[in-house]
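Consider the two complexes below, in which chain A is the common component and chain B and chain C are the respective partners.
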Partner chain A sequence: MGTLDKLTERLSRGVARRTSRRSTLAWLGAAITGAAAFPVLPVARAASGSPHGGGDGGTHTPYATGNPQDPGDRKSCDYWRYCAIDGFLCTCCGGSVSTCPPGTEMSPITWIGTCTNPADNRAYIISYNDCCGTSSCGQCMCNRNEGDRPQVRPQSNNDYNWCLGTQSSVYNCSTAVIVGVALEQPK
Partner chain B sequence: MRSHALALVLSASLAGTALAASPPAYPAPLPEEPIPAVDTLPRQWPASWVLVHDFHFASIVDGRVYVLDTTSPERPVRGMIRASQFANMLLAAPRGEVLTSETFYSRLSRGERTDAVTIWDMATLEPKGEIVMPGGKRQQSVTYPQLFQLTNGGKWALVANFTPAQSVSVLDLDARKVVSEIDLPGCAQIYPTGTRGFTSLCADGSLLSIALGPDGQVASSKTVEKVQDIDRHPLFSTPAWVGQTAWFVSFYGQVQGFDMSGPVAKPLPGAFSVGTAEGGAPEWRPGGWQVITSDARGLLYVLMSPNGREGSHKDGGSEVWVLDTAKKARVARIALRGVAAAISVTREAVPHLIVARGDGEIDVHDAATGAFVRGLGRAGGANPILITPVPAAGGPGQ
Partner chain C sequence: MNRRLSALVLALAGLAVGVGATAGEAAMRGVPNPQQARVDYILKCQGCHRIDGSGDDRSNPPMNGVVARFLAVPGGREFLARVPGVSTVNLDDTRLANLVNWTLYRFDPEHVPADFRPYTPAEIGQLRRHPLRLERAATRARLVAGFSQD
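Right, the complex of A and B next:
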């Protein structure tokens, strides 16, 4: 698993555009970030017998990137970019690590994590944009709660549905998009 | 056509065989049964019944709440209530009603959004009415009970909003209308407080208590600083209620009470630990979704995981630790039959601990002895995450 460091950078993206309630935004600020909603782990974990659960409950054929600098199985919760993801993996749902499935809309506001790529040992900023407008994918559920805090800290809570600012708040799956390198030097 | 003809021949042949084989012990056929026929439920449900919320991860737009008879392994499911799209549910037993707070789109996953509270009749499970909430603000998240609560003697409902701006809508259940909206910047969750008001927990570790006037507007508000250390000792958002005292447990097992009977929440002095035990790897901590609950006597029940560590707080627990708040001590440990996400205790004369396991099984234990009594199978659906007991006849609400 990559390391998870909650970003302190302020990334407001769509939030400011889509709400008029400035009083809340003052603190929510840009730290929010939001993304991926969800699921309570205990259910999936216990049901699957796997620490990361899995909506499909069965085995799957690994799906590697083919790029030695981006190693791992993109359908596995252990893939390095998923260090702070929470939801169904879009790779299992018709999309990919960085794209939403056809027919969905990508959430403009996201939950951000930093994950360390084991190949080049760089810490990348990963944006967990949700894909919205189609019902729950139900495949490859992946949920981790390191650093998760109660809902009084929305920027640190993964139970919110972050399909906000989209035409529909119906959640389908989550991506894990590289949006930058957090540290110039390898750790 | 040929297959139809063959089917008819077979049918006649089988019927003939059946007639010939009829034993004399059954001289009369089974009686005809009237159709249509739909069951109903008693207006007041027994205290052995519970409501189990199935979040239904694999199709969140189709969440549901099951009405379960915990005395009946043969026929535990007595009915089902819709709970769509990150819904919340409230049992308003004195009103004979179940309330759901839901979100809908006109084309299931797309189209016009409608947020509404639906009022369901406990006897028929049919909708009696609804209150539409404008603005598309209703908070959508994995279901916490404290996002939808009653106040003002059960006449009003409070609904949490998140856009991500935070606010609370006040609904008059009899007038079937939204009467006000209270801005709640930086605070979350709704804990009914006093006779007409609520408390929320805030991001800086404080709490905010708001008393409402008869018009639903803020009559007074008060901040109480430093009631929790969110960074080092965060409290689970869902408490156990004993009357108007809310007992919270922290991620690390500290128990803290708040008196919610007055207009301003009061932290009770003397927080205490759930205790420790051998066998932890690395240590025992509370874990699950509904991790703390109470019985009618005021004992607390905490769902505990032996694999407590950072990030384990939603992993579920394999034991329930019973706490006496007067003695500030653990009085029992109950071993469960599997890892559980939610626990609750019935208000029966002989109370039972109801356990929703991670594999969907619902188990019934004797609350006093901890002994396993019966299993109800997967009567709670795919993802049972909250259990609501039915209050004893004439007793207070949940």
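Right, the complex of A and C next:
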């Protein structure tokens, strides 16, 4: 028993002699901050599987057409046509990449962007027609925003509700329809 | 013989299509690049004004069959270059002049005056420095009231 007491006393005195309380606090603080910052680093976001804030954590059944000219999973936020989208993917909501779910109406007024098709590296003009009339679908949230502009440029901003020109302005989900091929010029 | 004849017919048909397309584009004065204008319309205008320029009467005024009528009333020519969608679009003056002239021929060819002077990049650049804002709707209503009744 006496030996154990001696050992403990020696260890404690050793630690107290070699370190200061302030340096311990500083070290502890740095460790806590570092641990908190790790999940926002790009490596951690890549590993989590939903890089664009949302999605369903990869639990859905992939939906691909098998067309080599139009590659990718249309239920995934990474699908090439979704490069400027901000909303729920209609492919996860009972519709498709170009049609609305039953019971909703497609808005004729849309937010338009361009996306590069990885199959041929050409820029296609994409129309993000919103589907309107029933409350938010809530599946496969996808927010990528390439080419999005601040709200002072309303015609180039996708944070607005684009359910305009429809019977109802209630937003359900978003489609991504190809409407043309962009020219080889900047902007 | 028969094959040669059909080849000739095909060649003639191709020529006719080519001539037709050239004539259509040549008729658009001030539009050096119609293909560019079409793509710029899709990118910058179509989302609100719709594919046929029909728009609606609430936020996106119709252009189909009406846009070139503004050229016939005082202040109308300036108005077309100063509306928010035109003056604040992120295109340079050359591409914007190309696009505005194309829009007039594309959506309202019958109202383009015979002596129409196409917008030049310099004129567009000068007018867009004074964009219309909240007074846009009232200005449009005043100009439309001045349209002739025919």
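Simple rule for what comes next: the second predicted complex is superposed on the first by the 125 of 187 C-alpha atoms of A that agree within 3 Å, B and C clash if a C-alpha of one lies under 4 Å from a C-alpha of the other, contacts with A are read in each partner's own complex, and residues count from 1 in each chain.
Heads up, the rule we're going with is that a contact is a pair of C-beta atoms (placed from the backbone, for glycine too) under 8 Å apart; a residue touches a chain by one contact, two chains touch by 3 or more.
Fair warning: this is a prediction, and the values are worked out from it, not measured in the lab.
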Which of chain B and chain C A:D159 touches, first, second, both or neither: first
Which of chain B and chain C A:Y171 touches, first, second, both or neither: first
Partner chain(s) touched by A:S135 [first = chain B, second = chain C, both, neither]: first
Chain touching more of chain A, residue-wise (chain B, chain C): B
First, second, both or neither for A:G94, with chain B first and chain C second: neither
Partner chain in contact with A:G72 - chain B first, chain C second, else both or neither: neither
Which superposed partner A:Q151 touches (first chain B, second chain C, both, neither): first
Overlap of the chain B and chain C footprints on chain A, listed as residue numbers: 153, 164
Touching residues (chain side chain B, partner chain A) in the complex: 55, 57-62, 85-86, 103, 105, 108-111, 113, 139-142, 144, 162-167, 183, 185-189, 201-203, 230-231, 234-237, 287-289, 310-316, 338-341, 357-360, 382-385
Partner chain A, residues of chain C touching it in the complex: 35-36, 39, 42-44, 46-48, 50-51, 56, 59-60, 85, 88-91
Residues of chain A that touch chain B when the two form their complex: 15, 18-21, 23-28, 32, 34, 37-47, 55, 133-136, 138, 141, 143-154, 159-161, 163-164, 167-171
In the complex, chain A residues that touch chain C: 108-112, 114, 125, 127, 153, 155-156, 164-165, 179-180, 182-183, 185, 187
